[in-house]
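One chain, chain A, appears in both complexes that follow, with chain B as partner in the first and chain C in the second.
The block that comes next holds the complex of A and B.
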């Protein structure tokens, strides 16, 4: 490389001594050496931030370029009217793409579905996860086995789960309808995926199955962190189990709830794979979400600017989920 | 000692910084595509001219398609000095190839050649002058062996920019012979879309699924509407629709949508949850009478045990479109800024030859666009298709398979049909379709 670290190091060391005046070091009364604190440059050079530069600078630059740089560029593209395989024109920027959105039935449907998916999926997953965690926390036998079984679906790829859920949802041969008719609930059998009114609910159910195990693990860790004394005190005071959990235990799980909710919401925003595998890039108004719409608009229609605008909306939604969480952590001093 | 260790730590610090900077510099540097090629790391494909490699991006990664492509590559490599660097972008019918190829064309780092539907799908690239004319590169005399309609589809802006390598037919109806006999339907008598509806009803009365279909993705119903429309109103009206004059065809569009809506009563119960091949399996098992699809569906029948052409399954042109060949084609192009112009030229020339099309099409289950390819290598079903092709009066392209409308409009039409399969409202969908143009 023709690049000698040792020589560079020497030069820097020389620079440091030069900076501290005439090169002589004066003794401090406590036996240490002092350095001149006169010049601003020198103070800057000795600050923690500068000394730690090799550690924080490369990752900061990489993240800055590939994450924040890309986000900013995406924002810039959304302000142009770029479409087709030509280079974008950055000279006239406007909010035209965002202005189109409220008049686009496709966007409205995708936005509505994304919000429904986000809220319903998160709430249901948290509820199921909490119940499972409480049940597993009862010192049952085969605890580890159950924990693994519940968590395992999360390890599967969306591609796999989308395909086998569409088999399970098959109205004539699928497990779900067969099971329902076996136990005499024929009136509940439905064309789950084929019927637009149940389609989104069916997707949410499948995603919940996959991710409630994650909520369970987070809650379980939260439950384990609560001292036994709290349980005992509640028991001594004569609280029923239900009351104990409702009044004493669950309120202490708010930190677990927040962190699990944030992760689940971000997953919900990214449910692209699941829907894309099931329906392709045009799932129709009843199952379209912003992530799929973004792909369709950008890559099937080469309307890059509109796709970028959809991406920006998606980014803002993700930000509005994560930002309050970060702020809370900051207030608590965890950040 | 202590001092030494300090130096070591500093050295470590510095090298971390240096490496980080070097990495960043490497990433930020705007590298010349040729340079990337010479280093052999342009998307993992060395495709410089020097090493005689040709990068081909395609989506043929499974079953007969894969076999067909491999056989094409074998032929090319034995005829020329070049080797093919296959770069598949898997995903049925090109679900993933757009994202890959478009971004590379934008970055002026295109592959040597890539697979694309000819016709309007080329428009995305021709609008950006991203394709070189390839008309002169075809083998001498090849052009005369192509039908005019196929040449036209290869040259959306006047110059020939693509070489079609295969043709699938879309306007087929496949049926289970035994089921039709049992239901008392005579395929000869089914000569119009309306008669087809009656046949579905008869099959339904006999206890069979009338028409197996998949409605999970919108293209299934879209392609059915395309052939119903052609069957009811003719190729000229359909071409008028493709030319963007949908507003003048309001009554016709609604009429054919209504007929499609009526067919939906005879679909398999699980149409919304299956893919086309799962739906098609109902014909093989004898649960269903008809299946409408491109002739790729025949591959499944040929692969099934004890399921013989003409004895157990057969096909007819979609009723009302007997003299029409609705074409679904694949082609290769020569991107501008080509990393391997010589190899690409050789590839284009080879694809236009009899040898290439004879190798490629039998395993693919399609017919060659050249009309002088010997039929010996082809199974009887495809031989019949080849006769139908040469005997057809009119050839037309399809929206659902890329050649009929430019991609932006085609995607909007698909969306309209995704809504149609939800609400089955011909009136609303007619308005949606007219609104696109």
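The block that comes next holds the complex of A and C.
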């Protein structure tokens, strides 16, 4: 790790084209012993590091306070036993809140649903997004119109889409059931979001509608980056379209898949607004996710410490998705 | 060249006539699928739009996909929804616009400091920003509530009653600015990395200060990226419900997503009013999306 950072710093330093960069390198290799003190100070004042400070420091402080300060504070609160309308007591800290989790059936259910939502939503959105991207990439007319419409749901608020889909899923007059009856699938009509067994699937379906356009945009950029020569080569080999996509094109999209998957998973972890508008903060065991549970426990039941602990679990889940991704990007030099 | 044509050109001359036919039917099938998908993606919006123009009996007796007939046509849902939500619309505008501009501006400044001026350790700072993009907001909610109740903004602003009454919205502005900075920084950084260094180096040699370079060279060149960032950030902040739920306590400060959520709760059976309300709340983002679709797509893919 330390070695990587040093190599990276070297790369950054080598990237400098102005004279002071070389100066600084010589300065470093001889440990600064040969330079006079005066030039060091003036060089410091005019160095990019000092000049850059006023630009990045204020935003970094805001981010530091609100993101990292708040996350640490949340961790601290999760170690207390704070609940109710009093102020937290930070003197006795323990892992008690985390110890409760395995015995709390509603936590287990919410955790399981979060994982199911995360995986199912991401996989389905990626698959649909890939199909959309391949279809759009066929040199079609009105490409922009098609793309714009497939991506449109993403511009909408979860509050708006939850209201639309509550109406779509309405058991008597909703579009879904009306459509199913029209094509002769009456036996499939049901109260999709009222019925606990289909509730989570219905949520995942609606979220996929909203975000598959995102996967499409990412894949489309990936497809456009593949050189035409690869299509030509596959053609010369006599591969059929389907085979060409499966064998030649799709494997080259792995970078698109990774980055889209990471972003989609984070969307899934944030799906709070959607479920909250549809069901309030009590969506029932079958559709409860950690994000909703956290809000219910902390803000409705004022069990602040337990809510903070649930939030920490959510944070760790996001971290376990994002950290490997960022590390990979860093390794590849894409940061 | 399309996939169909790619396959086609490998076939022998004699079969051209038949393959042309297959191409035509393949193309027709392709467009049929694309149009079917359009129907799917638009059906929730279409069903909502028709319902919003129907009376109560109208939407119960017809399917959501059928357009409203003159017999059942009404504008009343829109009037009712607008009356309930107009306060929320104004409040949202009041905090979304400053929050959007501030986070874009901070993002631009930070990205400049982290790309165009080279110094050691910037990767470390960058990673801190990057990780902030992916933060689930739940993991900061309890501290946020603690922080803002400790700060007591309303009390601090007591000298200016207008501001004190809007303290909730100022809290939202600051909060959204802070959580918007990471993504804005990343968007601007990816753009600044592609900017040509020559002009900046020339200005440096001329003795221009870092701020002078930013103001005279980088900022004017950043305008296309400001469009992307402002559109992305406006959509995100306008659409958010969670922070408002936690930070907005007085009803007079309810933002648009909150008033829509309340409308939905209080008019559970009046689907026409709910749909009209949903469209009213979504209108600004839909308009922006339709006009600036390209910038929107750039914004959402910028993070990956």
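Criterion: the second predicted complex is superposed on the first by the 285 of 335 C-alpha atoms of A that agree within 3 Å, B and C clash if a C-alpha of one lies under 4 Å from a C-alpha of the other, contacts with A are read in each partner's own complex, and residues count from 1 in each chain.
The criterion applied here is as follows: a residue touches a chain if its C-beta (ideal position, glycine included) is under 8 Å from a C-beta of that chain, and two chains touch if they have at least 3 such contacts.
No experiment lies behind these values; they were computed from the predicted model shown.
Once the two complexes are overlaid through chain A, chain B and chain C clash, as defined at the top of the document.
By the document's definition of touching, of the two partners only chain B reaches A:106; chain C does not.
Look at A:117: by the touch rule set out above, it reaches neither chain B nor chain C.
Set side by side, chain B and chain C differ in how many residues of chain A they touch, and the one touching more is C.
When the two structures are aligned on the shared chain, A:173 is found in touch with chain B and with chain C.
With both structures placed on the common chain, the touch criterion links A:269 to chain C but leaves chain B unconnected. Of the two partner chains, chain C is the only one that A:77 touches; chain B does not reach it. In the superposed pair of complexes, A:296 makes contact with chain B only, with no contact to chain C. By the touch criterion stated above, A:68 is placed in contact with chain C alone, chain B being left untouched.
In the superposition on chain A, A:279 makes contact with chain B only, while chain C stays out of contact range. After overlaying the two complexes on the shared chain, residue contacts for A:194 are found with chain B alone; chain C is out of touch. Taken together, the two structures place residues 5, 8-9, 12, 53-55, 57-59, 62, 65, 166-167, 170, 173-174, 280, 295, 299 of chain A in contact with chain B in one case and with chain C in the other. Residues of chain B touching chain A in their complex: 7, 10-11, 13-21, 23-24, 27-28, 95, 98-99, 102, 105-106, 124-125, 127-128, 130, 215-219, 268-274, 407-408, 411-412, 414-415, 418-419, 421-423.
Looking at the complex, you find that chain A touches chain C at residues 5, 8-9, 12-13, 15-18, 21, 47-49, 51-60, 62-71, 73-74, 77, 88, 132, 135-136, 138-140, 144, 146-161, 163-168, 170, 173-175, 178, 209, 213-214, 217-218, 221, 228, 231-232, 234-236, 238, 240-241, 244-245, 259-260, 262-263, 266, 269-270, 272-273, 276-277, 280, 290-291, 294-295, 298-299, 304, 307-308, 310-312, 314-315, 317-319, 321-323, 326, 330, 335.
Against chain A, the residues of chain C that register as touching in their complex are 1-4, 6-7, 9-10, 30-31, 33-34, 37-38, 40-45, 47-48, 51, 59-60, 63-65, 106-107, 109-110, 112-114, 117-123, 125-132, 134-147, 175, 177-179, 181-182, 185, 197, 201, 204, 209-211, 214, 235, 238-242, 245-246, 257, 260-261, 264-265, 271, 274-275, 277-279, 281-282, 285-286, 288-290, 293, 296-297, 300-301, 303-304.
Chain A contributes residues 3, 5-6, 8-9, 12, 53-55, 57-59, 61-62, 65, 83-87, 106, 166-167, 169-174, 191-196, 278-286, 295-296, 299-303 to its touches with chain B in the complex.
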